Every structure is written in structure tokens, then in C-alpha cells.
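Take a look at the structures below.
Two complexes follow with chain A in common, the first pairing it with chain B and the second with chain C.
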Partner chain A sequence: MSLHVRTEHLKLVSGTYMRTSLRSGAGVIFLVLSMIVGLVLAGIATLPVETLQLAAKNGQSAQMAFNEAVAKFGPGVIEYFTNASPDTAKYWLADQPALMSLFLIMMLAFLPFLASLAGFNQTSGDIGSKGLRYLLLRTERANIFLGRMVATYVFTLAVVTVIFAVVAVYTVAKVPYYGTGEVLWWLLRGWFASAMFLLPWVALTAWVSAMMEFPFLSLLISELGLVLWIVITYVMGKNVDELHNAAYATPWGYKLWLLDPNPGMVLAGVAVMVAFTGVFTWLGLRHFDKRDL
Partner chain B sequence: MTAIAIQQVTKKFPRTKACDEITFDVPRGGIYGLLGPNGAGKTTLFSIIAGFLRATSGEVEVLGCNTRRISDLRGRLTILPQDAKFAANMPVIEQIVFFSQLNGRTRAEAEKEAADALAKVGLSESGAASASTLSHGMYKRVGIAQAFLGKPEVILLDEPTAGLDPASAQAIRDLIQELHSSGVTLVVSSHNLAEIQKMCEAVAILDKGKLVTWSKVKDLTQADKMQRMTFARDLSDAERAAVAAVEGVRGIEQDGPGSYRIAMDASSRTLEQMSAEIVGKLVTTGAVPRSVEDGVALETKYLEMTAGKVKA
Partner chain C sequence: MRPGGLTALSIFNFVFGGIAGLLNLISLATLSAFYDKFAEQAQRQGTPMPSIGLLYALAIIAIVRAALLVTSGIGYLGTRKLIGRWFGNAYAVLALGSIFFEISQAPQQISPFNLVEFVYPLITLFLLNTVFRKDFTR
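Right after this comes the complex of A and B.
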């Protein structure tokens, strides 16, 4: 496998790919769709606040009702959706802004879908149309593969950043129960976790895209594969331990390590994400290097 | 000096063998043709030379570089691929600037080079258009423009004039000649055999993935050993005997109404001297040739070699 990477070519390929994607409209659709979904998740997370504020008008203290609700329902919800330990659940609910924790947990679950939506057509469309042939005599295959992967990652992360910024502004302005500093700090950590968790999924979609000649097939396999994987490991795993443990064969199983109270676990989570990214990238590169284009 | 060395190249697809142990060397500095019926393996061979397809077995070297490391040839080898698409929604000049930058040019140099390349193919005014709005002919010319980027030493042109109007096709042929005179090696695939016969020094003919021949055009058409003369009527026996009696003529054979192949031995006299004597003798009998051509048409030889398997 030829791994001759030129920084200048990576920049050129990623910049041009990003411009082409935006001009084709696919990037804009992705941006709008992601923003809608991201903000809906934020809306779901902050919805109880509005309900409690309505309750406050009936004479009850909104903050008291809010704290009661978090204490009563929070641990059960967290345990059901994340299998987190009681200590971790307490950290997310009591030590950090609970609504932001809810938003971050949902956001992390949404990111693999976002990554495959952003990255399904990294190379598959141009493999089908043979458009890459104009590049192949001018740069190494690795620069094309990695350049487009980097562009996908940067663009997706930019969208995630915008979602986080909107949520931060909204929370600081509308949710009176948390200090601005603690909201921003927790969101910043969540943003970092998202940035790390995105990496392997973008690499995985780059690999899937490099295997396909039809973008739709690449999208279908990426999204359906994810849904199937989550159903097997999460829903069916509720009853079968082995299936539950299968989640650890992908980055999905480690995503909440990135929000763990223990810094060591966070570092381990980062290492796992980097390792998965490396493996997926290597597999994708190897396939892209060997295949007919 | 060899421009392209093809050694035992085989390419298998799941249901077919597109190239079957093809071996030949293309020397530097000429125009060469790659011929064959549809599906003979021409585009596959071009794609292997350019590194788009990986050969199942065998090796290809271009200018001494193995094509598994094709990008080492950045700017020295270029190609007009047959069916490759440009990005649909991006101005063509931006795409060509991008290709030129990948060749190592700065942005300013690339912009100038792209404008020059488009001007060469008569598309100066169309640079801002997106590829999806171009006609077939214009699209093809953009493809040719990108093949002129850099300082190519070898250019592969897969059907460069197919689908072009006569004036554009002639302009492309003139460009090919211009590049040839500057020392560039060009390999051209085309179904226009008259065009290939005029332009090329040698041709490779493929059929069903196999190399049928790799020969000089002159040898294939036997241009130095044969003339075809066409008359308004068939020649009489006496006239044929008079032709056969000319010094250096080895035989005369009719291959159609009023059409004769005259085999010659050009070792002692030139073809021109023998032709002049033949024409001189026949004119006195009233048999004035309508046309005199050296050798057989490449098309005739091609049809013989591929058993007439030319498809529409």
C-alpha cells in the first residue's frame, strides 16, 4: 500500500471536496437536516424546564419542582439508556447540569448517524462516475482518501459546533437553574467528547464509501448497519449479555467513557476512539489503494 | 528509449478477461495507435497504464516508473479518459486550476495554465460554465484541455475525436501534431482508422483482450511494397502483362472492379519510378488510373486481423 501523503495535496483535495459538496446542495441539505435534528434533541432536553416554569405559575417553586423531578426520574432514565453506574449517574445529574447531560447523551447517540449522512458519498459517487480519474495521475490515492475524510470530519464537526453554540446560548438565556460557567464548561467537555466520538465514525463511513460505486448504497449500508447494530447490541442486549457486550466491538460501546467523571476513563475513551479511527482508516485506505477506480 | 513498457499484462473481471498477457513497448517521441473492436480491451489497457485499474498480473512502466506508483509521474503522463465525469456543479476552469495545482503549480500559475489550456481547445469563453451545462463536444474538449496540463512527456488519448464536429476534430488532430513535433509521445485510441493511418507511426491491434499485432503502419499496409491502382474499367490481359513486365513488379492482382493491387520489389528502384513507368505504359492504351495509393488501407488490414468484428 502506497502511503505517500502530501500536506499540500491534502489541503487542496479537502478544500475542493468541501466546495464541491456545498455547491452540489448535498452539503446544505446535510447542514439543515443536522441542525434540525440537533436542535430537536436540545429541545427535548430542555422541554421539562418550560413545563416546570408553567407549574411555577401555579404557585410551586419551579426550581424545587425541577430538582425533585431530576432526583426522582433522572437515575432511572440514565441507567436505562446508558447502563451507567450510580456514581456516574450522580455525576451527570447532580454534579453537572442535568439537562445538558441529557442533551450530550442523546447527541452522542445521534453522531454516528450524522457522520454517515455527511460521509456516505466521500468517494463512492466519484468511483461510479470515474471522476477520480482526473486526480489519480496527479496525486496519490492516499491523499484523495484522507483529504476527503478530513473534509468530511471538519465539516461535520463545524455543524456540531454550531449546534452546541446554539444550545449554549439558549441554555444560558432560558434555563435559570445553572450557572453560566458550569453550563459552558460541561458543554465544552461534551463538544470535545463529540469531536472524539465523530472520528471513528467518519473513518468508518470513508471505508464503506470506498467500497461502493453507488452513493445511495453506501448511505443505505451505513445507516441500516448502524440501526441494526444498535438494535442488536442495545435493545436485544437488554436480555442477552453476549449481545450487550458486542457493543464493545465498535466505538459505540465506549462513547460514554468520554463523559466519565474519572479523567483516566476519559483518556482511555480518547485512546479507544483514536485506535478505532486508525483501524478503520487503514482498512479504508487499503481497500481504496487496491481497488479499480 | 521506451516511453511505455507493457509486460505480460492480464486483467480479469468477474465475468471476462479484458486483457490477456499483453506485451509490447512504445518508443518515445511518436504518435501510436491503439485499435480494436468495441470490448477488445483498449480502454482497459489505457486504464491500467494510467493506474486507474490494477492489473491482475503483469507490469507496466511509463518513462521508467512502475505505474503502481503512478503519481511519481505527476505532470509527465496525462490522459484523456473515455467516460470520466467532471464535477457537475463546479466551473470547469476551477477544476482545471485544481488539477494544475496538484501538478505542483501555485494558484496564480495554475490559473494561467488553465486559461491557456482552455484557449488551446477553443473554450476560453466557457471556463466559468459548470460541466453539466456543456455540450458533448465541449465536454470532450475540456477533457483534452486537462490532458495538456503540466509538461506531459506521454499523453494517452482515448477516442479524442469521437463525437466532435469535423472542425473541432481537425483542431484536435492539429494539436496532436503540434505536441508530437515538440517531442511528446502520444498514444491514441480511435475507431477512425483513416485518422490513425494518417497520424500514427505504429499501431497495436487488440482483439478479445489479446494483442493481435504491434507493427509500423507502413509494414501493416505494406506501403513500401504495394500500390493500389483504380481504373474506370477492368484491364485487358495485354495491359496486365505490360504491368507485370515492368522491372521490379512481382505481380498484379485484381481485388475489385477496376481495382488492382500491384506487388513491387523496391530494392532496385523506387515505388515512384515503377509507378511512373506503369502509368506511362497504360496511358498509351487508354487505361488512365483514377487513383494511386501506397499499400492497402489500414482499415482493410484491420478487418482481416479482427475477422471483421467491427461493431456499431
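Right after this comes the complex of A and C.
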């Protein structure tokens, strides 16, 4: 595999690809859908506040009702859905703003789908139309593959950043139960976790995109594969002992390490994400280098 | 040549405009029938209820917004300056203005789902005035 990476070429390819993808149908669909879904998730996470504020009007303290609800239902729900230990569940719900933890857990589950929606057409469309042959006269394959992958990552992260910023403003202004610093710090940590968790999925999508000649097939395989994998690891993992640790074969199984109370686990989570990114990028590059363009 | 993004944006306009137009026509038609019931309920709960005139005005503005969405969608497809870019901008400004007005009238009623209502006009403003600024040539 030839790996001639030139920084100037990378910058040029990624800048051009970012501008082009924002003008494309897929780019606009990604932008609108991801913002809507991200904010709906934030809506779901902060919805109990509305009910509790109504309870406050009926004489009960909203803060008390909120704390009661979190203490009563929170740990059980979190442990069931995330397989987290009781200590971790307590950390997310009691030590950190519980509603923001809920938002972050949902957001992390949504990110792989977002990444594949953003990156399914990184190279597949141009492979199908043989359009890359003009670019290959001017730069090496690695610059095209990596440049487009970097552009997809930056674009996706920018959208995620806007979602986090809107949620931060809304929560600080509307949810009175948490301190501003507490919310902003936890959301910043969540943003960092999202930024790390996005890496391997963007790399995986780049690899899948390099394998397919039709963008729609690339999207279908990425999204359906993800759904299937989540169903297998989540539903079957609860019933079949052999599949209990299957989630750890992909970055999906490590996502909550990034929000763990133990800094060692967070570092391990980051290392795993970087390792998966390296593996997927290498596989993608290898495939892209060999295929007929 | 029309960029694919404008085609996608016009499809969103037709979907959102169609749904919003239909829902607001229904609410306009049924407003007078249900107003007394809602006013009575609000009085019992001690929450303020806007006048029927204001509710009619808001429903009419929402229908105008929906009409602007659909019309500008047609304009995007034809890359037309007036009914594409300007009607699209007019929709976004009107939508943001009416959301701000609704929030100022009933700040306690803001829900996180209002954030979703904010998003589409903001994206429209951003895309029409930056990414697709030079594409409206006719």
C-alpha cells in the first residue's frame, strides 16, 4: 500500500469536499435531520421538567419532586439500558446533572447513525461514476481518502457542537435545578466523549463507502448493519451468555467508558476509540488503494 | 445547474409547509368552536388565556408562513431570485419573529420542542445567504 500523505493536499481535498458536501442533497438532509433529531433527544431528556414545574404549581416543590423521581426510577432505568454498575449510575444521576446525563447517553447512541448519514457518500458516488480518475492525476489516493474522511469528521463534529451549544443555552436558561458551571462542565465532557466516539464511526463509514459503488447501498449497509448489530448485542446479549460481550467487538461497547467516573476508564475509552479509528482507517485506505477507480 | 442541496431543501419545504398548512387550517376552522372550552379550563387552572383575536392572528400568520414555505420550495427548484431566495428569507424571518413573539407572550410555555421549530428557519437563513447565495440566477 502506498501512503503518500501531503498536508497541503489534505487541506485542499478536505476544504473542497466540505464545501461540496454542504451543497449536495445528502449534506442538506444530514444537516436538517441531525439537528432535528439531536434537539428532539434534548427535548425528551428535559421533558420531565415541564411536568415537575406543573407539580410545583400544585403546592409541591418541583425540586423535591424531581429529586424523588430521579432517586426512585433513575438508577434502575440506567442500569437496565446501559448495563452500568450501580456506582456509575449513581455518578451520572446524583453527582452530575441527571437530565444532561440522559441526553448524553441518548446522544452517544445516536452518533454512529449520524456518522454514517454524514459519510456514506465520501467516495462511493465518485467510485461509481469513475469521477475520481481526474483527481488522481493531481494527488495520491491516500490524500483523497483521508482528506474526505477529515472533512466528514469536521462537518459532523460542527453539527454536534451546535446541538450541544443550543442544549447548553436552553438548560442554563430553563432548568433551575443545576448550577450553570455544573451543566456546562458536564456538557463539555459529553462533547469531548462525542468527539472521540465519532472518530471510529466516521472511519468505518469511510471504509464502507470505499467498498461500494453506489452511495445508497453504502448508506443502507452502514445503517442496517448498525441497527442489526445493536439488536444482536443488546437484545440477544441479555439472553445468550456467549453474546454477552459481543458489543466490545466494536466501539459501540466502549462508548460509556468515555463518561465513566474513573479517569483511567475514560483514558482507556479514548485509547480504544483511537485504536479502532486506526484499524478502520487502515482497512479503508488499503481497500481504496487497491480498487479500480 | 441547480445544486442537489437546493432540491433537498425544497423537498423539506414541501413536507414542512404541507403539514403546517394543513394543521393550521384545521386549527383556524375549529378555533371558535373550542375557544370557550379552553378559556374556561384556563380560568379554572389560573393560567392566562390569550384573546381569540390574537389566536386568529397567529393562526393566519402560521398559514402565511406555510404558504411561503411551499412557494419558496417551488422557487428553489427553479432557482428563482424572488420566489426562491427572497420568499425563503421572508419565511425564515417571519417564523423566527413569530416564535419570539409566542415566547414573549407565554415564557412559561417554552418547551425544548420549540428549539426544533427554531432550527429549520435558522438553517434556511444560513443556507440561502451563504452556501446557495449565488445559485438564484433567474
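In this section, the second predicted complex is superposed on the first by the 293 of 293 C-alpha atoms of A that agree within 3 Å, B and C clash if a C-alpha of one lies under 4 Å from a C-alpha of the other, contacts with A are read in each partner's own complex, and residues count from 1 in each chain.
Everything that follows uses one rule, which is that a residue touches a chain if its C-beta (ideal position, glycine included) is under 8 Å from a C-beta of that chain, and two chains touch if they have at least 3 such contacts.
Worth saying up front: this structure is predicted, and the values here are computed from it rather than measured.
Once the two complexes are overlaid on the shared chain, A:Val28 sits against chain C while remaining clear of chain B.
Of the two partner chains, chain C is the only one touched by A:Ala42; chain B is not.
By the document's definition of touching, neither partner reaches A:Lys238: not chain B, not chain C.
Touch criterion met: A:Tyr170 reaches chain C, while chain B stays clear of it. Across the two superposed structures, the residue set of chain A contacted by chain B and also by chain C is 23-25. Contact residues of chain A toward chain B in the complex are 2, 4, 9, 12, 16, 19-20, 23-25, 129-131, 133-140, 290-293. For chain B in complex with chain A, the touching residues are 47, 50-54, 68-71, 73-75, 77-79, 81, 83-90, 95, 98-99, 101-103, 146.
Residue ranges of chain C in contact with chain A, taken from their complex: 3-5, 7-9, 12, 108, 110-113, 115-116, 118-120, 123, 127, 131-132. For chain A in complex with chain C, the touching residues are 22-29, 31-32, 35-36, 39-40, 42-43, 45-47, 50, 53, 166, 170, 174.
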